[in-house]
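Each in structure tokens, the structures are laid out below.
Next come two complexes, and both contain chain A; in the first it sits with chain B, in the second with chain C.
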Partner chain A sequence: MSQIGPIFRSLMRNKVGALLIALQVAVTMTIIVNAIHLINARGDLISRSSGLDEDNQFYVTSVGYATDFDAPYVIDTDLDAIRKLPSVTDAVQINAIPMSNGGWSMGLQTKAGEGENSVPTALYMTDEHGLNTLDVELIAGENFKATEVSYRDRNTRDWPQSVLLTEALATSLFPDLSPTEIVGQTVYIQSNEPLTIIGIMDHLQAPWTGWTTINHAMLVPNKFDSPYSRYLVRAKPGQRDEAIAQVEQFMKQRDVGRMVRETETMTQVRMDSYRGDSALQAILWTIIVILCIITALGIVGLVSFSINRRRRQIGTRRALGAQKSDIMSYFLTENILVTSVGIFVGVAGSIALNMWLVSSFNLPRLSYIYLPIAMLTMWVIGILAVWGPALRAAQISPATATRNV
Partner chain B sequence: MWLYYTRLAWLSLKRHPLLSLLMSGAIALGIGAAMTTITINYLMSADPIPEKSDRLFYVQLDNWSPNEPYDEPNEPPDQLTYTDATALKAQAPAQLQTAMAQSGGVIEPQGLGKEPFLARLRLTHNDFFSMFNSPFLYGQGWSDSADETGDRSIVLSKSANEEIFAGENSVGRTVRLEGKEFRVVGVLDEWVLKPRFYDVTTGAFNEMEDAYLPFKLKETMELPNSGNTNCWKMPEGEGFKSFLTSECVNFQFWAQLDSTQAKQEYMSFLNAYVEEQKKLGRFPRPLNNRLTDVMGWMEHENVVDDDAEVMMYLSLMFLAVCLLNTIGLLLTKFSFKTGEIALRRAVGATRMQLYQQQFVETVLIGIAGGIGGLILAALGLLGIEYLYGEQVNDLASLNLPLLGIGILLAIISSVLAGAYPTWRTCRIPPASQLKSE
Partner chain C sequence: MLVMNNITKVFRTETVETHALKQFSLTVNEGDFVAVTGPSGSGKTTFLNIAGLLESFDDGEYTLDGRSVKHLNDKQLSQLRNEKIGFIFQSFNLIPDLNLFDNVDVPLRYRKLSKAERKERIEHSLDVVGLANRMRHLPSQLSGGQQQRVAIARALAGNPLFLLADEPTGNLDSKMADSVMSLLEDINQTGTTIVMVTHDLSQAERAHRHIQVLDGQVTEQQLSKPELATVNA
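For the complex of A and B:
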């Protein structure tokens, strides 16, 4: 510690080198803190549960084109046959696929009438097999009965009587009631049309991964009378690929004037949906790693430079009795001093950059836990980088002092 | 002289190969990262129709709920109702204007082994093709009368024509779409717009359509809605008709207005039209119509992805670190040369000549870094294409101006990085260094 005085004074004589290292450390830290913050924010998004049994689910699209295509008949018989396949747990026709970013939303309100406060929700239309196929549990109330399920088409304006709500949606509508109390309550759709809540689901995501109310979802006992229809299939655990093969084979063999579009697994849907986020994560990780390497090499270069300039000085010190460890600790301390300045500037820089990102791009605010972690990382990088050159400096022989160059 | 300097610089670089490699490597990495992200941003924000982007205007009318705006603070909906789209086409004072909508349907190609496929359709008016400079391979757009009567005419994309007619001139032949026979009137040549500016409501970089049909068919064939349909109140009444007369928005509208005066007249027409509709009990909100040109609309719809912008800023900071790094390394490097420089000064070289010699060396490093950077950028873009897949098709490729920017950036960077070390080294008084030699 007694060295700090002379170290500081000698640093002041070579301000530029020190300043360069400090600046480099500061900018590196600013980038790293914000990059890690972004990576984690995206990680939180990706790791949200969809509420599904994703590993065992897939969907397939059937598009009828024959002029005599009878959609309800084809849908009902398709589903009957698919459900009987040995590798299939259950299957439904569904109007939207979770996480696919395409779907239907409506507003629900607890009081009838236009202009009343309304809560947005995603709408999934399935029959009574919906819960089992999606792998969603009821925490209160009961499922639809088969008799409650009806067909609708795009011009249908009214709604079936009974609906199932996710717990998140139910509590947004009735913040003061428990799930069991919410069962039996009435909510209004299209301002005035009453719906009875017959059950509360534990968890199911809306199809739009960027939606603020992503946990708001409602199941409606409807099937869609349309030539364009999607079947969501849940295979027996571990038998997804067999199930896909069996379903595709069945549908392609059945000649009813329709085309079968490519099957997509829920794993693929999730990947596509979060592709941008995981890509951003990968890119930021690459930047972080390269940046650390570059900064470390930069420190190596500059310290070597300063050692090179001070060879005779070091030799003199050694000749006057300094231990190798004294030389080592001199350069280590010097470097810690310089990186520390950079690190503290980096803290300010990180916060400033985050504030700018928050205001310009609506990114989440930095959580301050990253700062001490990043500070520690930068110190470690600094020490590791300076270790080699310092070790070499310590090897300088005392005799150097007497030699020229 | 410069040749001699270049040889000197080359020798000096060769003397410390590792250091030289590190320096140009650092610049290369910085340039690589910066160029990768600049490319993505440049292509995302490119003007898709530079020859007339300031004369094409997107039309917005505020038919939304009296209780809340379509979007905060007071944004009108991004699409129109069918009622307004057809009324504007019929009455509004523009030479060229078109309504449009997305739809889809099954095309059944005739012939052995040809599978039916689901086609992306765009319903539009024939002005569409001249407004957006669509390139025709065969034939042309449909007639005005087809616009009025909803004739079953169709314009195919190049790829759809290849799929159905094996790329032959199919004008006059028929295509079966949604169970009805359509007459082919035109086939487009390869046409890719990035961004697909005429409709960005479902994403700015979506694929182009497979076929184009007269707008009127929406009504007569009851073609399904694609894209976003937004309603602030549900259609009243029964049937498809009730959707078309509802306050639901699913239609886009563009007008070509060649002068400020034309734009003003068009705006007055829109305002008068809305006032007229208000008398019929529609448009409960205050007057809020918009005419936005192409680039303004791209800005409004946030076509450049925020992530891409954030990455660009981060990678520019990354470049800054690389430059700081290179400055440091150059200082190291030139410190080995003080003896040589002092000697040159002593035997009569002017300070200017020494500056020039060091300058050549930094520029060489810059050029090497720039070339390396462009190679890295090409790799980076491949990486981005791999990571993002289809989302960035055609957005991750370098072109000539971008290559120029890259080299320029590299040289400017290296000269900037070299300026201080050069100045510092050449300032050395000859005597002090010679003494210690």
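For the complex of A and C:
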């Protein structure tokens, strides 16, 4: 490090190669900081809690085809039987599967009437087994009673009087009230139809993973009278696969004029739902690795070129008393100086790019913890890249100084 | 001070063995000014490289300032070069990106001298060669003769045991060559030992001793200035 002064002055007189390396480091750092930021932001999305007992849940679809198919009868008797299977904790007919990116949404408002502000929410129809099957806890109020649950079909316009809301939805509607105070309040669906909030759920996600109000969800005590029916089943802990086999076997053996199809675990639903995000993460990681390799190779190339150009100079230094470690130290110090310039430009570039991404694409603001990590990474890449060429430079014979060709 | 006894150096390739030095013996005493001449391929550059600890040798004994150098490792050889030998190269070998001050500073930094002592030595040695007023100039801003003077200043700054000059006037016109030779003579007058490899016989005549090398061996020694020289070879 005692050579910093002369190295710096030497670099100032021979800027082009150094600037190229610094620029490459700056661009790489700018891109990898924001790419890692995006990867982590996607990771946060992917790892969000759905509120479910995903490891033990699955859904199975039943499609009635018989002309005399009696949906309410089949649904009720199916559910009674499934709930009694030894590997099953609970089961429910549900109109939409969380994270499946398909479902119902409605608007709720605290005042009746057209034109009042409404808050969007996902709508799940279940019976009184919904909370237990979904593994959702009530933090205030009470569950539906079996007597409140009714069947509806696609022509039904009325809504049941009771409703359960997630805490996020409830506090969005009544920001000044506690969950306990919200229980008993009235909200309006379809502008004028009143619903009484009888309970507040801790957490349940809407089906759409990209939705900005993903934590807004409500349960209504309805079952759907349709030949097409989805059962969400919660198995006993660790018994999901047995439960799938038992449920499928039961449903297929039952001769009620229906087909059983599309059994999918919630783990698979999550993977399918976030496949695009996972792919983006993989692509960004690939870009980061490629960029780091290109930068390292760029440094290797330019340093090797610089060393070849200075073989006589290195030999002269060795002749004048430089030890091999002095030559190593010279090139490592030179590289650290150049890399540092690139890194500090890269810090500014990272922040600027993030500001543009935030303003243009509404992405989250950069966490500044990435900057020191990226700086350290770029220094390490720089040192590793220059290590080999510097080692070769240190092997240059001092006798090179006296060679005239 | 510098004693070589029966030094042998062989360069080997897959098919050819070249005996660059054969039983080469030479002694240089303190205060000597020795010129080594010989045709191309005679072994004088190999002698210079071995004398300057730039290259190893195969056989024989080389003692520098009373210390055998045969079994020294690279680090010890580097230290010995730095402390005992001042090099002057035919192509000056100044570092083009550094100014004169920093160029003269190069060997001193490797000796890890204090900043103040380095500064004093650099200014003094540049003053000796008459370039103290140009120490912030780059080598490219100087003539060839001036660049060689800077190289001499760099060699002197470390207070070496002796100066080892490799064709110091080889890249200079006759006027500049004469000026550099005069400077070397002045330096020798102050007691600094000089060993100079050259193929210019007229320059060699200005040394105290003139050694001729042929086929890797000393073939002839002449006392150019016998009143000043001591021959021990």
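Just so we're on the same page, the second predicted complex is superposed on the first by the 386 of 405 C-alpha atoms of A that agree within 3 Å, B and C clash if a C-alpha of one lies under 4 Å from a C-alpha of the other, contacts with A are read in each partner's own complex, and residues count from 1 in each chain.
One rule holds for everything that comes next: contacts are C-beta pairs under 8 Å (C-beta built on N, C-alpha and C of every residue); 3 or more make two chains touch, one makes a residue touch a chain.
This structure is a prediction, so every number in the text was calculated from the model and none was measured.
Peer 1: In the superposed arrangement, does A:Arg261 touch chain B (first), chain C (second), both or neither?
Peer 2: A:Arg261 sits against chain B, while chain C stays out of touch.
Peer 1: Check the residue A:Thr147 against both partner chains and state whether it touches chain B (first), chain C (second), both, or neither.
Peer 2: In the superposed model, A:Thr147 contacts neither chain B nor chain C.
Peer 1: After superposition on the shared chain, which partner residues are touched by A:Ser47: those of chain B (first), chain C (second), both, or neither?
Peer 2: After superposition on chain A, A:Ser47 lies in contact with neither partner.
Peer 1: Could you tell me if A:Gly276 is touching chain B, chain C, both of them or neither one (first, second, both, neither)?
Peer 2: After superposition on chain A, A:Gly276 lies in contact with chain B alone.
Peer 1: Answer with first, second, both or neither: which of chain B and chain C does A:Thr212 touch in the superposed model?
Peer 2: neither
Peer 1: Determine, under the contact definition given at the top, whether A:Asn117 touches first (chain B), second (chain C), both, or neither.
Peer 2: neither
Peer 1: Please name the chain, chain B or chain C, that touches the greater number of residues in chain A.
Peer 2: Residues of chain A touched, chain B against chain C: more for B.
Peer 1: So chain A touches chain B in one structure and chain C in the other; where do those two contact lists coincide?
Peer 2: After superposing on chain A, chain A residues 404 contact both chain B and chain C.
Peer 1: Report the residues of chain A in contact with chain C in the complex, numbered from low to high.
Peer 2: Those in contact with chain C are residues 2-3, 5-6, 9-10, 13-14, 312-313, 316-324, 326, 397-399, 401-402, 404.
Peer 1: Show which residues of chain B lie in contact with chain A when the two form their complex.
Peer 2: Listed in rising order, the residues of chain B that touch chain A are 19, 22, 26, 29, 33, 67, 104, 106, 108, 115-118, 178-179, 224-225, 233-235, 238-240, 242-243, 305-307, 309-311, 314-315, 317-318, 320-322, 324-325, 327-329, 331-332, 335-336, 383-384, 387-389, 391, 420, 424, 436-437.
Peer 1: So in the complex, which bits of chain C are touching chain A?
Peer 2: It comes out as residues 45, 48-49, 52-55, 74-75, 78-79, 81-83, 87, 89-91, 93, 95, 97-99, 102, 105-107, 109-112, 138, 154, 158, 166.
Peer 1: Help me check something: in the complex, which residues belonging to chain A touch chain B?
Peer 2: The touching residues are 16-17, 20-21, 23-24, 27-28, 30-31, 34-35, 38, 63, 65-67, 114-115, 154-155, 157, 190-191, 226-228, 259, 261, 272, 275-276, 278-280, 282-284, 287, 290-291, 294-295, 297-298, 301-302, 304-305, 308-309, 357, 361-363, 404-405.
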